[in-house]
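Each of the next two complexes has chain A plus one other chain: chain B in the first, chain C in the second.
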Partner chain A sequence: MSYASLNFLILVIVLMCFYYVCPKKYRWIILLLGNIYFFMSLSGKLIIYSLIATIITYALTILLESSKKNKKKILILNIFLVLAFLLVLKYDNFFLSLLNPIINLVGLKIPYKKFILPIGISYYTLEMIAYSVDVYRKKVKAETNFLKLFTFFTYFPKLIEGPISKYSEMKEKMFSSNCFDYEKFKNAWVLIGYGFIKKMIIADRLGIFVDKIFEQNIIGLPLILAVIFYTIQIYCDFSGCIDIVSGVSELFGINLPVNFKRPFFSTSIQEFWTRWHITLGAWLKEYIFYPISLSKLNMKLNMKVRKIKFKHLARFITIAFPLLFVWLVNGLWHGASIKYVTYGLYYYLLMMLGVLFKPILDFIVKKLKINTEVWSYKLFKILRTILIVCIGMLLFRSDSLTQFTLLFKGLFSFTMPKKITEFGLVYKDFRLVFFYILIIFGVELAGELKVNVREKLNEQNLIFRWLVYIFIIFSILIFGVYGYGFDAKSFIYGGF
Partner chain B sequence: MKEIVEVLNEVKPGVDYLKEENLITGGILSSFDLVMLIAMLNDKFNINITVVDLVPENFENVKSIENLVNKLK
Partner chain C sequence: MKTGIKNLLKFLTFVFIVCFITLKLGDVFVLKRDATVVINAFHDLPKNSIDVLIVGNSSIMRAVSPMELWKSDGITSYNYSIAGGRIHAFYYWIQDALKTQKPKLVIMDPVTFFYEQDVTEEARRFFVDYIEDFDIKFKMMNDPIYGETSFDKASILFPFIRYHDRWKEIEFEDLENIGKTYDCFYRGFLFSSKVQPNYKGNEYMKKSRDNVKMMDTYKEYLYKTIDLCKKNDIKVLILGVQDIRVWGPEESRQLNEIARETGVDFLDLNSIDYGLNWLQDTKDGGAHLNVLGGLKVTSYLSNYIRNNYDIPSRKGEKGYEFWDKDYLTYEKEKETALKVVNSRIKKLGLDSED
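Moving on to the complex of A and B:
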């Protein structure tokens, strides 16, 4: 059952009916039942993994809270046990591929084994780690109701693609008595519709073109177009999914954390990663970057470098080590392969180069008297960021590093196709996609100008509002790309 | 307060720190700046700011940073 499917919408409507009919105190139990049904419809008995991981987290966080001497040991045990599921089920073959060549030297070999992953394991594992660390840091009290904790970790709207949520931020809305609010109900459906447009009209249509180019290793102009299209595709696919699930969650009166904040308006790579997959970036910052950065070893290192009067180098060295971990984890989180590790290291390298050469760049800007406040300079920085992201996306989409190398060289080949319509899309599709991208751009631009489009829509007259609703519904029905059983293609980030 | 402003200016010059109230939520200090700031505060005031202290409320403005430093002294 995909989020962009009819079955999912039926499930949501049925759950909503039960949710608001049920006495307020017990409404979260409807969510729990919905979670179990949704999880089992996708992963069947594999729900046992999330159940065991929740039992471990539940028991150990209570123990941690009451312990006086062994808090750190309990926390490490909790993280180790929860992470073990993910490492064994998702990364076993990756680690074996690194280990086997070494142990082969003494004539040993561990056979490869492919496990079926329970749905959402990459997401709920991070949430469990965050929760236990937050209990350790006394940012949240250990939950004493096991079922409430299980409801949170398996909450069906965020199960497959996030956003990665924090128990401390969600528990109040999730377990308080949410009343039905017609305004919120309307707004939620607009967001869901907007997400469906991104996913089914833009992402899935562009995906047809992109797949053809990458399957056939086409180079030149079509490849350049495919890289741009893939960047738009993955954004519309992932952020579209987040719009759908955020809207669905709003139907139950629960706001999910923001996961995208118009990333293509970023003026630097660092800013881009604070606007793209925000909750993953925030998780990495809070639970990896800061603990390593503020470790005694790193602080001592910083002090020593500053004492020899290399202030700028001190910044470089202080963040070099923690940031390496951040990007390694980021890459590996996306997939157990060298390609994803390289993807993480690509951004690591760019960020470190940015920090290293900042004084030189600042000097050049000053010497050339470049005004950094004018819109044209900002536009230049935005386009530079988009270019870097597009190259990253080429790596992300390639099947292997070999294909990436081949295609990267192919970007500079001036090969022209006979017709651009040879790759699965006709001119009508290009015009259609362009039109809807313009709409998305308009909405995003309004967001940049601090205009809340949904609120503005609510202020309009009834006729205009309904014209917009009808436009959204008919757009999806008529122009959506449908697969088997009128379902959309699977979401890309669901695969992680 | 003067000493904290000095440290802040060393970490990231060009900001009117006495006026700014949202150094973290306003995006004025990045995570890289924050790590440098903590390293320098630890050094200057001989304190130990840990991850537990790392909440936006403690670094939003000069006053909140001063309160944190005084608490940890």
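Moving on to the complex of A and C:
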């Protein structure tokens, strides 16, 4: 059951009816039942993994809270046990591929085994770690109701693609009595519709073109287009999914954390990662960057580098060390392969180079008397960021580093195809996608100008509002990529 | 409370508008085929004006001409057939027909009864798209043959979602199909003026194919269809029309047994000499009949109905005047088709071997 399916919408409507009919005190139980049904319809018996991980987290956080001496040990044990599921189920073959060549030298070999991953394991594992750390840091009290904790970790709208949420931020909305609000109900459906437009009209349509180019290793202009299209595809796919699930969650009166903030308006890579997959970035910052920055090892390193004459270099080294882990984890989280590790390191390297050469760049800007406040300079920085992201996406989409190398060279080839319509899309598709991208751009631009489109829409007359709703609904129904003749595409980030 | 009711009413009105547009878009997006005119025109016929209903597929739609039955006996009949039609579709088509008509006799085409595989989803859609009645649509939705997935179920109610990707082909003129009234002067009979002889004649009826067995599902629907007719006091005639690809003595024998068991009539034209000329009367080497073959079948059937059933002549009755008018149009088309087919026979040198 995909989020972009009729079955999912039916489930949501049925659950919503039960939710608001149920006495307020017990409404979260409807969510729990919905979670179990949704999880089991996708992963069946594999729900046992999340159940065991929740039991571990539940028991150890209560123990941690009451313990006086062994808090840190209990926390480490909790993290280790919860992480063990993820490491074994998702990363076993990756680690074995690194280990086997070494132990082969003494004639040993551990056989590879492919496990079926329970749905959402990459997301709920991070949430469990965040929860136990927060209990350790006394940011949240350990939950004494096991079922409530299980409801949070397996909350069906955020199960497959996040956003990665914090228990402390969600528990009030999730377990307090939410009343039905017609305005919120309407707004939620507008957001869901907007998400469906992104996913079904833009992402899935561009995916047809992109798949053909990457499957056939086409180079030249079609490849350049495919890389741009893939960047748009993955954004519309992921942010579209987040819009859908956020809207669904709003139907139950629960707001999910913001995961995208118009990333293609970023003027630097650093800014991009504060606008793209925000909850992952925040998680990495809070649970990887800070602990490493504040670790004894890093403190010692800081003390040593302070002696370096060049202050800028000293500062560079102090952030380079913890950031290395952040980007390694970021890459690895996306997938168990060298390709994803390289993907993480690609951004790490660019950011570090940016930090390292900042004084030189500032000097050049100053000497050349470049006005950095004008819109054209900002546009240049936006385009530069988009270019860097596109190259990152080429790596992300490639099947392997070998394919990436091949295709990267292919970007500079001037091979012209006979027809651009040879790759699954006709001119009408291109025109359609362009039209809807313009709409998305308009909405995003409004957001950038601090205009809340949904609120503005609510202020309009009924007829105009209904025309907009009808436009959204029939855009999806007519132009959406679904039904016979199309392979139902799952959300890209669901695979992580 | 007042605001709540107002909001609910607004919401329901909006849902109604969306459903209405979705339904109407079906008229624009559903593929246009022969059946579009044939079945839609059937729904536009005056109520209770059809006495003989013919259901089947590409064989019978080329074999039985309702207008010839009108001319010879004043019988009002309609060929409610769609290419590839299967017995499970007949079951629903008859129910669809019964919503507006009260036929006294149903003639069924058994050519596909012994097929070893069911039709593809794409072909199966043909059987659903023209059903208008919601009650029948709901029944089809709940039938696993038609409503396999939730998408199938939804697309039975709203065919537009099945064909939405045709937006690239839609022209402004397609909008004219919304609420259009159809007229089918030929009453579902398909004129074919092609000629391709079958030199082996009826050899196919001399040797049985191996492992001839009606699929359990098909058998179940055959019994259900017969039951449906009986409950509505309708006589059933299973009319086996020539098709050398799929018919044989074993099919004929098994169907005869079922007919005897259920008390319905079975007329197997494959085993009867009624003057069919295998060199001139088929359009594709024996799989389907052309207009000449169709007229011969209809002529034989006309006598058969006259001798075995009590079907009234509606000639001269009030409200049936349009049949005479339509016959004139039909006759012109028939003449043209006959001219073409005869010239082709001459060209192919098949007239001398008659």
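The rule is simple: the second predicted complex is superposed on the first by the 484 of 496 C-alpha atoms of A that agree within 3 Å, B and C clash if a C-alpha of one lies under 4 Å from a C-alpha of the other, contacts with A are read in each partner's own complex, and residues count from 1 in each chain.
By definition in this document, a residue touches a chain if its C-beta (ideal position, glycine included) is under 8 Å from a C-beta of that chain, and two chains touch if they have at least 3 such contacts.
The model shown is predicted, which means the values in this text are computed figures rather than measured ones.
K.L.:
Is A:396 in contact with chain B, with chain C, with both, or with neither (first, second, both, neither)?
P.N.:
neither
K.L.:
Applying the document's definition of touch, where does A:319 land relative to chain B and chain C: first, second, both, or neither?
P.N.:
first
K.L.:
Just checking: does A:131 make contact with chain B only, chain C only, both, or neither of them? Give me first, second, both or neither.
P.N.:
neither
K.L.:
In the superposed arrangement, does A:303 touch chain B (first), chain C (second), both or neither?
P.N.:
In the superposed model, A:303 contacts chain B only, not chain C.
K.L.:
Applying the document's definition of touch, where does A:426 land relative to chain B and chain C: first, second, both, or neither?
P.N.:
Once the two structures are laid over each other on A, A:426 reaches chain C alone.
K.L.:
Would you tell me which residues of chain C are touching chain A in their complex?
P.N.:
3-4, 7, 10-11, 14, 17-18, 21-22, 25, 121-122, 150-151, 154-155, 160-162, 164-165, 167-168
K.L.:
In the complex of these two chains, what residues of chain A are touching chain B?
P.N.:
Checking each residue of chain A against chain B gives 137-139, 270, 285, 289-291, 293-294, 299, 302-303, 306, 311, 314-315, 318-319, 322, 355.
K.L.:
Show me the residue ranges of chain A that touch chain C in the complex, using the header's touch definition.
P.N.:
6-7, 10, 182, 426, 428-429, 462, 466, 469-470, 473-474, 477-480, 482-486
K.L.:
Would you mind writing out the residues of chain B in touch with chain A in their complex?
P.N.:
Residue positions touching the partner: 10, 30-32, 35-36, 38-40, 42-43, 49-52, 54-55.
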